[in-house]
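Next, two complexes with subunit A in common: one pairs it with subunit B, the other with subunit C.
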Partner chain A sequence: MNTRTLDYVLKRIGFSIMTVFVVLTFNFVLFRALPGSAVTDLSRVPNSTPALREALARQFGLADSKWQQYFIYLKQLLHGNLGVSYINGLPVWHNLTTDLSNTIPMVGLGTLLAIVFGIWSGVTSAWRWHRPADYLLTNTAIAFYSFPTQWLGLMLVMIFGRYLPTTGMNDPFAVGGSAWSHALDTFKHMILPAVAVALTLYGQYTLVVRSAILEVLGEDFVLTARAKGIPARTILRRYVLRNALLPIVTLIALSIGYVVGGALLVETVFTWPGIGLAVYQSVLSRDYPMLQGAFLILTLSVVMLNLVADLLSLKLDPRVAE
Partner chain B sequence: MISVPLFSVRDLHVWFELPDGRELHAVQGVSFDLHAGEVLGLVGESGCGKTTTILATMGLLPSSAQVAGEIRINGVEILHGGESSVRPHRWRDIAMVFQGAMNCFSPVRTVGSQIVEPMKLHGIAKGADARRRAGELLEMVGIPAASAERFPHEFSGGMRQRAAIAMALACEPKILLADEPTTGLDVMVQAQILELLGSLADKLGLAVVLVTHDLPVVAEACSRAAVMYAGRIAELGSVDDLYHDSHHPYTRLLFAATPDLLGEDRVASIPGAPPRLDREIVGCPFRDRCDSAIEVCASEEPLLHLVGSAHVAACHLNDLIESVTK
Partner chain C sequence: MMTSSDVTTTDSPEEHPTLRWLRKLVHHRKAGVVGAAILLVFVVLALGAHWFAPYSTVNASGGVFAPPSGHHWLGTNDGGIDMVSLLIQGGRISMLVGFAAALVAAIPGALVGILSGYFGGWVDTILMRITDFFLVIPVIPVMIAIAAVWGPSLFHLIIAIGVLLWTSTARVLRAQVKTLRERTFVRRTVNLGASRTRVLYRHILPHVAPLLIAQTVITMALAIFYETALAFLGLGDPTAVSWGTIIEDGFLRTAISTGAWWAIVPPGVCVALVVISAYLVGQSIEEALNPRLRVANVSPRSWKIRPLVGRGKDAL
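This part shows the complex of A and B:
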């Protein structure tokens, strides 16, 4: 590692830490700036007395000044304490780990499908530029990219609802059974929402991959490679894909980062008990600690994967460190 | 000359299909021969079809281009068999320095590995042998051999351009097509490179087509030159004849045009602009700018005629003079 590279790595790490801190602060301010508070919500009972409301406020740490709340928030975060959910009174961390363990396999599978299919479709359409295959693949990608997610989800339910389960993670009536049959049941439930996630994501991959490849195809070094007598397939691999990799890797890292954010719309349509659904419900009930926790995890994950993408691009393109 | 020319282009035509369905006739019947050890200049204003001609001879035009004509290396036609019949000749027999050669290296691989690549591909050399050869080639163009391990972005523009020439020589080609190889380089480096090309032509018998805007370069480096206008050859002959015994008004204006300080826009200093190539041209394409046009120029296209020994020009005035002297 030369000094320039080291400099780059340190800068990227420093930048990531800064980003996390700014987002943490922003999260805190944002949720307090929103109208209404959890207490007014929780105590929305006909005879709630000021005393009751005050007691609740104290219980959830909302009686202190905003500054005090901010420092307590940061201190607790450092101890890994995300607070207690206003809704079920359980530690946010506990709620989130449950939600995440449901979200990650489903959204992860969907993202993986989107990456594989999107890259294939992008490479193929670029390679068949301005030929029927290109028009077909590109227009399909644009269509799926622009369909509203809920609508796509409903279409899937309508078309495949007869063959595959469409709500929840498990069949509530299937009691007993082996761990294996339970897992299989979960997998069946996962298919439609994962496909919905894949369909909403893959269009973007197709378009990014296609344009990245087309851009490289127009470069002088590709023409030079042809002039050198290198066979077309080798040029595609050694020159074109290799140079188009950078934007693709960045996109992959970002979408992997977003996996822990869940898929709010898809999870809502398919009532998949993941983090997206939890965020949706937390918004409805102004459950700040849950929201903050969810956003914290999303932030950390996206910032981390961004950092990974930055460090990978250092490997992929020697110009990056300049 | 009786011997079979090393490189021969016959009646080359190129049409580009434009996005709106019309056709642009970029090269219209270009022919020339090239012998071992010879440096042929190819000059003309921007857009006259120099690059298109060069790319067509290696079968490198995009699929929107339609090509007709013959390209022969030592008498063997190479284009008609399609991609698979040209590919073995590329870089092995006929190599190229591209216009904008600075960008001819992939940014993610070392310069050396890209010079070595065609040697391996065409079975010239491999392993340590090939790497040593790449180092020698770089040194020949004035770049330290150790720089082979470096990436293109670590080179200056001029170095990259010189490395492109080194890369073109990797497989000891018989023919080198150099499309403005010295544009943008400073005068010193430019002179060095021209000298290098000249000495390679002398020593190795390399045949060079040198595309340039720069007429002094033609005078210095070339034995013969072809003047192109609107996709055709207007005049072709020895550099001496073109300077002192030109038979085409365009050549005369071109060579007489007052040099400006930059030296590059000299060609453009003839008033007016060349005709568009996306519609058919009736009569002489140079008519609108010609200072000696006659009636027949508006209706009939002048054809290339022999006007001296190994000297051809396409201008009605020559026929006129011929008929007067007869």
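This part shows the complex of A and C:
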């Protein structure tokens, strides 16, 4: 690793750390320091005496100054304390780790499907540039890119609801049974939400892959390879795809925030008990500690994944550092 | 996809210049013109919602989930309210939110883009760091957090969406201003002694204004998209019907298990139409300004070199 690469890596890490810090502060300011925000509402119990209000404010730590509250908040976060859910009284951290472990396989499967299908359709449409196949694939991609995520999910429910389960993660009546049948049941429940995630993402991926491939096809080395008489498919695989990989990785990384948002809507449609559904339910029940915790975890995971993508693109093309 | 066809245009001398301009526009920017026409239809319907809506959007005018018929072209919803009227009325609110949020986003977008592109140096570094930060944070959770804390209302929705969607405008404008600054006419004006404000106002701004409009149109589409997402999560204005709340109602009030596709399919199609048209218009404007977007690519099948600019006879 030369100095320039090291410099780049350190800069990216530094930026990520700064982003995390800004997110933490934003999270505090938004939920606590704004006038009339959620937590100050707690001390506005109807017909309350000043004494009660003061006691409530002290109980929730609102009697201290904002700066004191901020430092207490940061200190508690360092200890992994995200507060306690208003609804089930359990620590937010406990609730969210359960939710997150449900979200990751579903969204992961969906994103994987989207990447595979998006690369296939992007490469095909670039390969068939300005041919019927290109128009068909590109226009389909644009259409799926434009439909609202939750609407696509509802369409899946409407069309495939008869054949596949559409709510929850497991059949509530399937008691007993082996671990294998349980896993199979979970997988069946996972298909539709994962496909919904994939459908909302693949359109964007197709367009990105297509333009990246077209860009590389215009390069001189492709012309040289062609002049050398290398078969077209080999050129595509060895020369074009490899060089198009970098913009593809970068743009897939930039779409991670979009993945998170899409997953949130998809989980709501399919009542998949993940972090997105947790957000939806805490919005409905005004469970602010949960909302705050979920927001924090979602944002932090996006920042982390972006950092990983940055480092990955450095690995793919060391020139990135220059 | 978005290309003009190979029609060779012959200019007849007696034709009115405006007409000729229009004819050329239709020929060369087919996709953009189609997009603009669709957008125009939606805007007219939204503006004249009270005249165009055939039935009330408050009182029932048919049975519960009545299927499409001659009286109700798209049937009725769970409350017996005509779907066509709801769609028109909902389009009004969705377009309003989209338009207003896009305007909110245009201000920081233009300011950040122009300032960091023109001044460069530390101004650029700081502004681009801020932009990077906004690019990284996931949009929907932040919007949810803001809308949930402030409470559901149209105004909050517009602000929550607008303050997060300015990043791409800023980046596109920055790139444009950076190249403009180095162009001969701008450098000559500077050498002739024009002040910074004059250069910005007289020479830079007119050149980036169409780009800003293109970006704002695209942002409007995005804002409509996000409005439906927030409305679906119960953060829309409960007193206003929008395409988002129509989808939400269909979901919550069992339109699907009743088999009432007409209560849920049309709003999604409307959103997609507006989003696609806005993209077509935005891209057409950008392509017209920057012909390099259509620049040379080797077509893999035919291995022909694509013309740099124009097609047919006037290809370069």
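Just so it is clear, the second predicted complex is superposed on the first by the 275 of 322 C-alpha atoms of A that agree within 3 Å, B and C clash if a C-alpha of one lies under 4 Å from a C-alpha of the other, contacts with A are read in each partner's own complex, and residues count from 1 in each chain.
One rule holds in what follows: a contact is a pair of C-beta atoms (placed from the backbone, for glycine too) under 8 Å apart; a residue touches a chain by one contact, two chains touch by 3 or more.
Bear in mind that the values here come from a model prediction, so they are computed numbers and not experimental data.
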Have a look at where A:223 lands relative to subunit B and subunit C in the superposition and call it first, second, both or neither.
both
Taking the superposition on A as described, I'd like to know which of subunit B and subunit C A:319 touches: first, second, both or neither.
first
Name the contact category of A:268: first (subunit B only), second (subunit C only), both, or neither.
second
Partner, of subunit C and subunit B, that touches more residues belonging to subunit A:
C
Which partner does A:148 reach: the first (subunit B), the second (subunit C), both, or neither?
second
Would you check which partner chain A:278 touches, where first means subunit B only, second means subunit C only, and both and neither mean what they say?
neither
Examine A:242 and indicate which partner it touches, taking first as subunit B and second as subunit C; both and neither are also allowed.
first
Figure out whether A:106 sits in contact with subunit B (first) or subunit C (second), or with both, or with neither.
neither
Share the list of subunit A residues that count as touching for subunit B in one structure and for subunit C in the other.
223, 226
Touching subunit B in the complex, subunit A uses residues 219-221, 223-231, 239, 242-243, 316-319, 322
Along subunit C, where are the residues that touch subunit A in the complex?
1, 3, 129, 132-133, 135-142, 144-146, 148-149, 221, 225, 228-229, 232-235, 244, 247, 250-251, 256, 261, 264-265, 267-268, 271-273, 275-276, 279, 295-301, 303
Residues on subunit A engaged by subunit C in the complex (per definition of touch):
15, 18-19, 22-23, 27, 30-31, 34, 37-38, 126-131, 134-135, 138-139, 142-143, 146-152, 154-155, 157-158, 161, 214-215, 217-218, 222-223, 226, 232, 236, 254, 256-258, 260-261, 264-265, 268-269, 279-280, 283-284, 286, 288, 291-292, 294-295, 298-299, 302-303, 306
In the complex formed with subunit A, which residues of subunit B make contact?
58, 60, 87-92, 95-96, 98, 100-101, 103-109, 117-118, 121-122, 151, 153, 164, 167
